[in-house]
Amino acid sequence: MLVSYVPIIIFLVVAISLPVVGLAAGRLLRPFNPFKEKLMPYECGVDPEGDARERYSVRYYIIAILFVVFDVETIFLFPWAVLYRKLALFGFIEMLIFILILMVGYIYIWKKGALEWV
Amino acid sequence: MNILVNYVVIPLVKIVVIVAILSGGIAYLTLMERKVIARLQHRLGPMRVGWHGILQPIADGLKFIIKEDIIPIKADRFVFTIAPGISLVPAFIVFSVIPFGPPDSLWGTGGYVTDVNIALLFAVAVSSVGVLGVILGGWASNSKYPLLGALRSSAQMVSYEVAMGFGIIGVLLVANSLSLVEIVEKQRSMGVWFFFVQPIAFLIYYFCGMAETNRLPFDLPEAETELVGGFHTEYSGFRFSLFFIAEYANMITVSSLAVTLFFGGWLRPFSSVAALSFLDIIPPPLWFVIKVLIFLYIFIWVRGTLPRFRFDQLMRIGWKVFLPVAMANVMVTGAILLKFL
Amino acid sequence: MIDQIIFYTLAFIIVAMSLMVILARNAVRSALYLISALLGFAALYIRLQAELLAGVQILVYVGGIMVLFLFVIMLVSVRTMEHQARQTRQWKAAVVIALGVAAELIYLIVRGGSIFVTKQPPDALLTKSQNTQVVGEALYSTYLLPFEIASVLLLVAMIGAVVLAKKKI
Amino acid sequence: MEHDIFGAIDEKTVLDANQVVINMGPQHPSTHGVLRVKLTLDGERVIDTDCIIGYLHRGTEKIVENRPYAAGVPYFDRTDYVAAVSNNLGYVECVEKMLGVEVPPRVQYIRTMMTEFQRIASHLLWLGTHALDIGAMTVFLYAFREREEILKLFEALFGARLTIHAFRIGGLWQDLPVGFLDACRRFSDTIGEHINEYEGLLTNNRIWLERTRDIGVISAQDAIDLGLTGPVLRGSGVNYDVRKARPYSAYADFDFDIPLGVHGDTYDRYLVRIEEMRQSNRIIQQCITRMPTGPIRAKAPRVIKPPVGEYYHSVEGPKGELGYYIVSEGKTSPYRVRIRPPTFINLQALKKLVKGHLVADVVAIIGTLDIVLGEIDR
């Protein structure tokens, strides 16, 4: 029922207002005394060398893609699991094929070492 | 008019109560953590503020508000400001679907803010948004340690989310519903908590939950002895406290979902055994809270005991142990269920 | 009436946010606006009573694909993009495509709703706790083949990511 | 003009991360003081390290050269400030060697006993911080609980806890207080159980094994070539301990074993230090039961003017061979003082040990070297 989502919207508003109110109220109370050294990025007490926004390891990107793939896979499993009693054997075989196909990829990336953080 | 009362006024009251309890709970969870760990380590923990440090969380909260709020000069001010919010808000609104009591409790309004059709999916989806706050916070700081921490933690969080999702499927196969209220009702009608039906799914869920919330032994993103503070190194004052609150709220979420999915939610132990009906003296929401507290205690206990993993080991465990085990669990559960259909 | 207000509010948010995505100079801010637009879509799905789809939208797009986007933005180093000129040689092609799309939209608006086949969703969709089941039934019986093909698609994505990202591993 | 984002960059660099230089320290929770390590990272892998030291330099050696010999002792409380007794022992014995003074047996026994207490205290501090670096926070507090007991003993005997000016040239400041040996015995009887307790939390813990095994491996030959000493050397299986090799004080009188590692990794060094604590306790027990009576001061000249010459004396500090090289011109203060600080030399191994490991391992390896910056920078 649509209307049962209204409380979630209300909750959202309340949850957003918490940090906003906190930050606004804090502004009246907290000191404000910035100077150059204080505003420097932290690097263990020495001046930072170079910029932080370098390019980082490609592994993070592989992990993210794999995550999206498996996330989509889980999404397919959600309705399947809910409906499982109705689908019975047919559903089981169906999902078996689905997962086996993905297993091929999983074993491939495992063997290729993409899951290894070298 | 009726709709306005049922879907706006009553939920609003509940939301205010829940937010109040949650905020207080998080504050006192920090005290509980310090006290329990102190016990484990033969210390006393906070003792100065109030009797046995009972007012410590309030002092901490005040301190967060009156601390100077520093935004590093090279930071992206806009993203830096909203990142903690992106972490915090999802952590809170998950509680709109978690049932604390049966549908007939609280004078018939139901022991939950709202009961939506896809509550479980909603909870999983919304908590997956929190990771964005971590990435953005680390990126916006424009500093090396936070950025490394942010990349680490987001990679960790998404990795464990996958295994966690598969763990939950195991429960769904038994429960056949995405509604958290129905999942608990199902545990009542079946007369058994799903933990006993799906123990492997539970273990996967709980361990992944520890990883999702960046707790030891998976606390690499914040590993203070390696990355100083991880993604929130540059944060101070109130903004830092928002990340902090989000982490503790997530701990409570993980525990609450664990209780709901595997330990019968608001049900008393052995709810089908009439001989134990004297246990009904404790009202259902209280049972829920007690169970959640037990899980929170385990979180703290583990923190006091174990060292932490290294990042590559952590990823290996997530992808090469939890994920295949969870997948196997789904298929084995499916196969076994075929017998009962 | 309320329905219309909800729709137009959401539509406005989505359009505004989508515009911000392409207008923001900083890629990370673009991503932020995209998140807002995607959340708007999720709300729109709920209005259409497609609850499962709304959940999937948040889980996959906001919690998944946006993480991927942000990683990619970090991977290619944002600074290089910020300093690039906005107009590229593709602008002529872009104008042509944009005009085409605009013409199509204007045509649809002028002709109005009459050219769309509108159907009331089946009752099963409207009753409580049925949405997931209905989607599941359709997915695992009528659309069985597309479903299995989806797994092949995911397989390709998985292998492609590894092959593209690092040839030597 | 093309504006492909990959345009100007060739494929290899698009897909490989840039090398990032990141500073660890001087203000970092686990560089054990003010060590600054410049790490060159590829992703999380360490390609190169560069140690930058000197943040704590006070010129101790130079100061001591301008003081009378007896006034030099307190300055060596502050080199390896968590093992002041061992430092004092080395210096005091070196000056005694210069003077040709033989100290009475009771003094030697007390010195040996207190030095072994100091070894346990230093190893406890190492264990606690090392475990904390790897995330096991409870061990830290357990270790400090026992260290506290040792510090109380120090306070009873020397009057201070950390910078204690333990020994005097030619003897001791005062004899053992009443009941001191009983207190030592009480500690010595319980420490074994406590060590078992630490081991229960760590030795067979899967995570601990994963974090320390095959991390920072150094072969025996490399360890010798780098001049490593102490547990870091013995972890690689080289049997060299000054207490056995060139016995000083009363060590020749006692039975104790030198634990040796096999693989030379972080885990072996951990086991070596744990076992060393047990062996130290064995020495302490023998000291307590065989404590001789007698004077606590030798006949040393009031004004110390050692004969002209160069002298070197080394002791086995908790962290390795701690040597004192003193040149005398026959005056009341030394012409040249030079310490052979074990951790300064052991720190050389960092670059070799860390290479190819991950950022998290840097912390474990710094921990396993058991460095103290007071001694490195002097």
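Order of writing sets the chain letters: A, B, C and D. Residues in each chain are counted from 1.
Here, a contact is a pair of C-beta atoms (placed from the backbone, for glycine too) under 8 Å apart; a residue touches a chain by one contact, two chains touch by 3 or more.
Since we're looking at a predicted model, the values are computed, not measured.
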Fill in: Dominant interface by contact count, named by its two chains
A-B
Practice prompt. Would you kindly say which chain has the C-alpha centre located farthest from the C-alpha centre of subunit C?
Written response: D
Response to the item:
Note: subunit D sits from subunit A at a C-alpha centroid distance in Å of 45
Discussion item. Taking the mean of the C-alpha atoms as each chain's centre, how many Å separate subunit B from subunit C?
Written reply: 29
Discussion item. Averaging over Cα atoms per chain, report the distance between subunit A and subunit C in Å.
Written reply: 17
Worksheet, complete the sentence: Contacts with two or more other chains occur in subunit B at residues 116-117, 121-122, 139, 144-145, 147-148, 151, 154, 158, 161, 177-178, 228, 311-312
Worksheet item: Touching two or more other chains, which residues of subunit D qualify?
Response: 15, 18, 20, 22, 28, 44
Worksheet, complete the sentence: Shared-interface residues of subunit C (touching two or more other chains) are 52, 56, 59, 63-64, 67, 71, 74, 76-77, 128, 132, 165-166
Discussion item. So in the complex, the part of subunit D that touches subunit B is made up of which residues?
Written reply: 20, 22, 28-30, 44, 131-138, 141-142, 145, 201-202, 205, 207-208, 210-211, 358-363
Discussion item. If we count contacts the way the header does, which residues on subunit C are in touch with subunit B in the complex?
Written reply: 26, 28-29, 32, 35, 51-52, 54-56, 58-59, 62-64, 66-67, 70-71, 74, 128-132
Worksheet item: Tell me, which parts of subunit D touch subunit A in their complex?
Response: 15-18, 20-28, 36, 42-45
Worksheet item: Tell me, which parts of subunit C touch subunit A in their complex?
Response: 46-47, 49, 52, 56, 59-60, 63-65, 67-68, 71-72, 74-79, 128, 132-133, 135-137, 139-140, 144, 147-148, 150-152, 154-155, 157-159, 161-162, 165-166, 169
Discussion item. Can you tell me which positions in subunit A touch subunit C when the two form their complex?
Written reply: 1-2, 5, 51, 53-56, 58, 60-62, 64-69, 71-73, 75-76, 78-80, 82-83, 86-87, 90-91, 94, 97-99, 101-102, 104-106, 108-109, 112-114, 118
